[in-house]
Amino acid sequence: MSLKQIDERRLREVALTPDEYRVIVQALKRPPNDVELGMLGVLWSEHCSYKTSKELLRKLPSTGPAVLQGPGENAGAVSIGGGWAAVFKIESHNHPSAIEPYQGAATGVGGILRDVIAMGARPIALLDSLRFGPLPASRRHFEGVVAGIGGYGNCIGVPTVAGEGYFEDCYANNPLVNAMCVGLVRADQLMRARAEGAGNRLLLVGADTGRDGIHGASFASLELDEDSASRRPAVQVGNPFLEKCLLEACMDLTRTDAVVAIQDLGAAGLTSSVAECAGRVAGAGARIDVLRVPRRERSMSPYDVMLSESQERMLVVVRRGREREVQRIFEEWDLTSAVIGEVTDDGAVTVMEGEDEVARLPVKLLTEGAPLRRLTGVPPEPAPILVIDSLPPPADLGATLLQLLASPNLCSRMPVIRRYDHMVGDSTVIEPGGDAAMLRVKGTRVGLAVTTACNSRYCELDPNLGAQLAVAEAARNIIATGAQPLAVTDCLNFANPDRPEVYWQMEETVAGLAQACRALEIPIVSGNVSLYNESSGGAGIYPTPVVGMVGQIDDYAERLHAGFRHECDFVLLIGSSHNDLGGTEYLKVVHGKVAGRPPALDLVRERAVSRLILTAAHAGLLRSAHDCSDGGMLVALAEACLLAGFGMRGPALEPEPPLRLDAAFFGESPSRFIVSAPSRAMPELQSLARRHHVEIALLGLAGGDVLELEGQLRVPLSDLRQAWEGGLA
Amino acid sequence: MVVFPGTWSDRDCGWVIDQVLGAELRYLWHKDADLKGCDCVILPGGFAYGDYLRTGAIARFAPVMEKVIEFADQGGLVWGICNGFQILCEADLLPGALIRNSSLEFRCEWTHLVVERADLPFTSGCEEREVLRIPISHGEGSYFADPATLSRLEQNGQVVFRYSDVEGRVRPNANPNGSLHSIAGIVNERGNVLGMMPHPERCAEPELGGTDGLKLFRSVMHSAVEVLTV
Amino acid sequence: MTAIVARVIVTPKPAVNDPQGITVRQGLATLGFGEVTDVRVGKYIEVRLDVRNEKEARERVEAMCRQLLANHVIEDYSFDVDTDGRSSK
Amino acid sequence: MTAIVARVIVTPKPAVNDPQGITVRQGLATLGFGEVTDVRVGKYIEVRLDVRNEKEARERVEAMCRQLLANHVIEDYSFDVDTDGRSSK
């Protein structure tokens, strides 16, 4: 079969290359028909096949004593004690959100919820990691995405408790919307989406299938260009109400042993869920009849049905003969369900339209057949060097602090947080706004801390170090609450990897993630990759490896908040500061530069500091803890005051040379915390710090209505608040 | 505890009732045709039927609502929280309607409420003029009624909670959603049907940031027991 | 049986303030549509039904509006019915 | 200058999922309106504007629809304009 016989336009439509087409024809020993071509096209898209990133991802550590399920399933799972497992995953919905911010973000939330539900877990928290171009130009994206995330999460009744929001030029045409979901399940009831047992039935439940989002997966694997407009029907409209019913019905399924597996329908719809489910069991296949698929529209072809990305659908593998029992559960929730086929042992996905076979493809070809793309990375021009000696010292520390607090990247997230229901579930014991949020596991004393982190400016300047810093910051967020980091889910957002510099960024990022996760002993149990975040002509995004992390505390009564708790407590800086001004918010906001090397990270020190904080927290020596990250020490200090509602007073801070004053205040050296402690705890804290070889410095006493360092800085709390709360207006 | 498809505060309220208070809890499904002998019916928060068309519009016609209306007419205690309040208005058990927040945004935040009536089965554990700190979480909680209805509500003392500042002063900037007269909760004339937008079940344990909500649940529990023993 | 399409329009009563309308008007002004003096935002509901004739359709749709589609406290409604049963397809 | 009222109807595109419409149809069925075969829910926007003539009104409202009133990714729109400038009062 020569390539001539297939229309090139048709190949482009299904996003396959001529080479890939050749591989298909060779494997099948015949040309694929149209339906088969469409099915292969979506499953071989970057979004589903990971053909560009698979090799790299193998380098990530994914094992550890708490890991119950690593990568390869719909979500990862770790044991959190008391017989419970935390199930979590992060996923991108960047491309749909660029086109239709509200629905794109909403359906992103819907999709990640289904991944967790498919593991048999009840979702207990959502997180959103967002990036936009600068305001006000990107306000439409920002408002739409925030409304969409709230629109879905609020309606379904899962609290949105944490996340991030950054504004940088590189995201102006390519906003990033990464959503993470955390769920709970009894460890012995964890489900896996494996199509076991030939003869078992495939039940499709939830929404009727329409012509939505056909080719959405391939669409997410292309750059955005002029043409995107014509692919716009690829955007789907979510129905959180239906998903709420689906969620409850799936939870009810745990009452029966009639269910073998649950698999969500996400990108590439029925095609990928059937193939993936079968692909997880050696030799398994599936046979389905598209005529049995409930539809929303008339005259849909088998092609449409197999590729539709209609939301709010699940595939349930039911033991043969027990279909009615399971269907009754869905009926109770007024949900449509239909037996559309069965599990086979012929290793093939067979699609029937009544009596006619319309497609038949080997499962392995669908799920693993895409030829891996071996790209080579070439380092780009080195980042601009920063000569810190050329930086003038800050003229007015107070004014600089106010300027930083008002920066959209640092200011209060309250205008976003209050649009999300972050309390439903009655479990939020640390509300959003500090470092990690914390949820209690009802019926136990266990608290689950959750966070996302990534400073992509660091990653742009040095992707390897930037990725390490993202892991370290996420871990510090968890530790600031008194919890122990358990595991990571990561979302790797990049520009077009066909450019060697971008592929190099991917290699470096993965190396950095792997190194930091190994050193801190935090495995990566799930994740997602989003490539081609680049518009034709325009520049691509910064490398953005978003790190989602969960941590655990045995008794949430010992948890710590970020804000000070009591007036007259001692305020301390834990950890040491260096001349880390490269890539900082201070450098960008005050000096208009993105330059230098990101802050240096010593993973051994990072561990020592973490251990100190956790030991002190556990011993009840601390009243609050807040990690120093973007904006540096002074911003962290101001935040701890603002969250408390009172100020702090201390002597002037005189850094010892060679530490510069601006670096001491606004440098972003990692491995540091602002903590507060009652005076009686001081001796023990000091000796603990000595034992851990960690610096500890007294900054002052909490209280009053100003933030004051005598003779150096004196800002009323109300001024801080005005700057901080107005940053997103 | 009535559960409609799309309800989500059922488990939170249920937790307070049976885990925090140790009272007896029954769930009522929207298709149920009887109230299983409950002493107080709670319509909890959520997005029943997605709140499509209008909040509470479709839920109001669920089979169980017929029994709830009967029960209310006989003087039974009915307590609508958030979505439950919206449903009670749609069902004409309470006057007025809840419309889109004036900010046009969903709002989830702590609010202060001043208690205007402490003689009701729902508020007997509170002091009159007491200020409660209870969170809200809604996109359509702006109370509206025509002027005649409003003045009737005021004259009859049917306004139970008003949004206020920490000191209990009712002021425009303490009103999170544009409700007329800063209304956060009202009761029917007979005093047995309460609707309120804030979520008391979210502040019934200290680890959740406060226990003011528990006062309302305790009041209801005691009243229900009294009704039973009278 | 005839296929009928009813187009129902539900608008906020004049006394009910319509923050959405105000916001849309401001949005339009920002976009340079200064000539706009007022905006009200309501709902449009298209109902297809199988009935014997137009008269029955009117009665049924009137009933739907009263019972479900509009809330008389805050909304007004109006509708027309049409036998062609095609429209917006 | 003439006071004109434009009535804009924004509906979900035919191929786009309309959860609201589906749920309202089910709600109507529960209420005994089994004759309803389909419901689509959209927006109704009444815009009052001061322009020179009807032609200008049409052009301006068309522009408003394209720029703000409808989300052309998932919605269609249609409108009519009317010079009497009273309507729905």
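So that you can tell them apart, the chains are marked A, B, C and D in the order they are listed, and the count of residues begins at 1 in each.
Assume contacts are C-beta pairs under 8 Å (C-beta built on N, C-alpha and C of every residue); 3 or more make two chains touch, one makes a residue touch a chain.
Model, not experiment: these values are computed from the prediction.
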Higher-contact pair (C-beta pairs counted), A-B versus B-D: A-B
Distance between chain centroids, defined by C-alpha means - chain B, chain D (Å): 35
Chain centre separation in whole Å, for chain C relative to chain B (CA means): 30
Interchain centroid distance [CA atoms averaged], chain A/chain C, Å: 41
Where chain B touches two or more other chains, by residue: 49-50, 52-53, 57-58, 61
Residues within chain A bordering two or more other chains: 239, 241-242, 334
Sequence positions of chain C contacting 2 or more other chains: 43, 67-69
Which pairs of chains touch, using the document's own definition: A-B, A-D, B-C, B-D, C-D
Contacting residues of chain A [partner chain D, same complex]: 99-100, 103, 207, 210-212, 232-233, 235-239, 241-242, 296-297, 310-311, 334
Contact set on chain D toward chain A in their complex: 12-13, 15-19, 22-23, 26, 71-74
Residue ranges of chain D in contact with chain B within the complex: 19-20, 23-24, 26-27, 30-31, 41
Chain D-touching residues of chain B, taken from the complex the two chains share: 49-50, 52-53, 57-58, 61-62
Touch list for chain B against partner chain A, complex: 5-6, 8-9, 11-12, 15-16, 19, 45-47, 49-52, 105-109, 135, 137, 139, 199, 201-202, 204-205, 207-209
